[in-house]
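Structures given as structure tokens follow.
Here subunit A shows up in two complexes: once beside subunit B, once beside subunit C.
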Partner chain A sequence: MASHAEITASLRAFQSGYSKNKRLKIMNRDWDRVVLVKAEDIESEHTLILKDGELSLMEGNNGRADLIVAADSETLADMFYGDITPTEPYMNGTLKITGSEDDIVRLDFISLMIWGE
Partner chain B sequence: MKLKRVLTLRTIVSTSAGLTLASSSFIAAVQVAGFLAGDSAWIAILIGGLLCLAGAACFSELNGRLPSAAGIRLYFSRAFNDRLALVVSLLYMAVIMGVVGAESYVLGNVLTMAVPAVSPLVWIVIMLVAATLLNLRGIKIAGAFQDIITYGLIVSLLVLSFLALNRVGFHLTTPLSPGGAGNLISAVAVGVFLYVGFEWVTPLAEEVTDSRLISRGMLLAVGILSVVYALFTVAMTATAPRTELLASPAPQMVFARHLLGEPGVIWMVAVSLAASATTFNAGLISVSRFVYASAREHVLPPVFSRVSTIFFTPWVAIAGVFAVGLSVSLAVVLTRHYLVLVNLAAAMESIVYALAGLAVLRLRKKNPAAHSPYRVRGGMFIPVMTALVFAGLAVAVALTNIWVGGYLLAGVLLSWWYVSYVVPRIKQKYQVRRPARRRRPAAEPSDPAGCEKT
Partner chain C sequence: MKRVVSVSLGSSRRDHRVEVELLGEKFEISRRGTDGDFDKALALLKELDGRVDAIGLGGIDVFLYAGKKRYAVEDGLKLMAAVKKTPVVDGSGLKNTLERETVYYLREHTDLLPPGVKVLMVSAVDRFGMAEALNELGCEVTFGDLIFSAGIPYPIRTIGELEEIAARILPEMVKLPFHMLYPTGKKQDSQDEEKVQKYGHYYQEARVIAGDYHLVRRYMPGLTGQTIVTNTTTAADVDFLREKGAGCLVTTTPEFQGRSFGTNVMEGVMVALLHKPWAEITPGEYLDLLKRLNFKPRILPLA
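What follows is the complex of A and B.
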């Protein structure tokens, strides 16, 4: 089981990878979204906010999510560090994403562009 | 937790019915009529609809237990095993490509009947290129536009049906005597094609806050479609010569010309274009996203996971689907074996519904305490009946057309071989390529600074 701090660190790594990718920022400048990342086995919620191509991270839930990403803490930490692709846990039901299909695919593309296959 | 944007029941019904209503549905409807005496096709269509309602109930329970866009890939994996889920999913996607091929062939013929100077082949290429470009740009039919198309189609088909039935003074030939039981079973088996795709609405489970809406939407869509198809098929056989309908790759055009002349042709071209638009849209998007997701989980070669950095769409997967779709369409143009594809889709759909019935039983046994907002009533009766009846219908379709049985068997063997021998190699190659060291630190880090609190 990963801790809240480990999930935060993984999201920081994700945010750092995103910020280094100028192309990704340009591609997402029209995609303003709020993503809630929620662990199912521990008390841990984070909010990723994409606005004007910039990605920021906050602890907790701001209550205005476009997308909700929920999984056990281990899966979340591994996924945001890029050690596993989101597709495998998604296909076996460990990872649950609530939101529009286009947004879900876009989030996976971002992960792919940050961490590779 | 609430989302900012959620879908309504109206859009769920229109999406489920819209995916199902296709230009090739009219061929299946006429084929159903061809098995039966007089104007009694409505009996087989309504029986098919009732059976599909049972299938929809099973899908509703599966969707309630596992609300995910992964659909049958996840349901069958949890209920049976990952290998079977993958074999069925790959085969199902291949059959959907066949449906896209049949659909483009039918629509090509519809347009050629309206504009004889242009051959069906040219129309097919134009339509597939147009659908692929829209897919590449990430443009899809959704929401209010989907509502307008689907409900407009339903109203059009109902109005045409009443006009046709009014013309014959609502007098039908032996509407209550379908003939022998064998023919009725064959008619119901092929009639399943009329409902192909109603369950594709389950990926929308992630766009609603109450997954019961998906169940209600699917059941309503199947109910509405049953009535519309039954009326329209009877209207066709009551007004146009049966032999002419059966011989045409676009029987709806034959019907429209008999009913209203040239204005009818124009009306039916619009109806066919609208029906095909949603099928192309859903078929190409679903298959290309499935190909992309499969490449991401190392089931298909990694090249298919390449993403357009301009449009955020999986361009290699989309191009691959276009190439396969065009090849299938060309093969249909050359061989005129579009009925094989229609029957193949009916058989494959029956297999998927039969497995859905079994999956409900398996998941109930494996995890009886699991929460599900929808549970099929009547204990085991409906899942067992769904599994048995649809397995029987799959066999009936395969026996009706020996090519269908042959293609289906070859497809199962090929898919099984691919999953058993090729997929492990792709996964092995990925293990060699992936970074040797994990990025995630082994030790728990201290609480990182700089993280705002909400």
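What follows is the complex of A and C.
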């Protein structure tokens, strides 16, 4: 089980990876979304905000999520650190993403562009 | 008579059946769509296994290519694994040969592909041979893989960048359900109006639009005489392209009774003619057989 602080640290690593990737920012210029990241086994919520290609992170839930990413704390931390890809936990049901299929593919894509080979 | 059946995840509205004679052998070629129903496709494949001479998988790619790397689509592999006795193909082997040759043919025999012409390939990883040939001949190619398959408005301009992005994302993306990456079933009968508005300008900026017909169709805006290089077109598709303002249709596979078949079907026919396991057939053997069959691209002026 990962702690809230570990999930926060993993999301900061994800945000840092995103921010260093100029091409990814260009790719997401049109994709303004609020993503709620919610742990299912501990009290932990974070909000990722994508606006004009920039990604920001806040702790807690701002109540305006377009997409909800929910999993156990360990899976969330592993995923945002890039130790695992989202595809496998998504396909086996460990990771649940609520939102449109296009948005789910887009989120998967961002993660792969940051952490992919 | 040899029987080749294409089992497709696409719309059953496109089903058809023809009889043709090729190199002295009679063939019955048919296409059976399952309207995006994966389980129905699996059941049909099992039913046909051992009862026909070759099976083509349509509406899905089993193998995607970028550079020397090959990526296997998991849903495609599941369909392939359902067939134990009959040779089963997805068209990727033939595409690599036939579609390269189509590009060379157009350069040599027509004025449709002059050096520097702007080409939009709606998707390149499903027909990398065509992408490489267009690039080799000095066309100015925009690869729309991210735009049209992932909804990301980022035109890829070089083969190198295509390979690099593919290496990052495809090893994982191929594990997703195929319908998340490609229009299957009823989606093939309609246009995505929001994306037509958003991404239509990529079509209008090009003089040649190449690639998978269902992607080409789904996002096509009004055109101004562009050439479309694709296959699997029906008579209704020709009318659609004409209404949209396309100037010319080039199909990479030959026309039988008004219909250009998918490469999976043609590859099935070739496997049945070659009497060899699919995995053992070389590009040279496909090329040789294409010459013997005298297959040439069909060029249909629409204006």
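In the analysis below, the second predicted complex is superposed on the first by the 116 of 117 C-alpha atoms of A that agree within 3 Å, B and C clash if a C-alpha of one lies under 4 Å from a C-alpha of the other, contacts with A are read in each partner's own complex, and residues count from 1 in each chain.
What we mean here is this: a contact is a pair of C-beta atoms (placed from the backbone, for glycine too) under 8 Å apart; a residue touches a chain by one contact, two chains touch by 3 or more.
None of these values were measured; they are calculated from a predicted model.
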| item | value |
| --- | --- |
| Touched partner set for A:Asp30, first subunit B, second subunit C, both or neither | second |
| Comparing the two partners subunit B and subunit C, which touches a greater set of residues in subunit A | B |
| First, second, both or neither for A:Leu112, with subunit B first and subunit C second | both |
| Which of subunit B and subunit C A:Thr87 touches, first, second, both or neither | both |
| Partner chain in contact with A:Asp102 - subunit B first, subunit C second, else both or neither | both |
| On subunit A, positions contacted by subunit B and by subunit C | 23, 27, 85-88, 90-91, 101-102, 104-106, 108-109, 112-113, 117 |
| Complex contact set, residues of subunit C against subunit A | 146, 150-154, 165, 167-169, 171-173, 175-176, 180-181 |
| Of subunit B, residues touching subunit A in the complex | 1-5, 66-70, 73-74, 77-78, 82, 138, 140, 203-204, 206-207, 289, 292-293, 296-297, 302, 305, 307, 309-310, 312, 430, 433, 438-441, 444-448, 451-454 |
| Interface residues, subunit A side, partner subunit B - complex | 3, 5-6, 8-10, 12-13, 23, 27, 34, 36, 38, 47, 56-68, 77-78, 81-83, 85-88, 90-93, 96-102, 104-106, 108-109, 112-113, 115, 117 |
| List of subunit A residues in touch with subunit C within their complex | 23, 26-31, 85-88, 90-91, 101-102, 104-106, 108-109, 112-113, 116-117 |
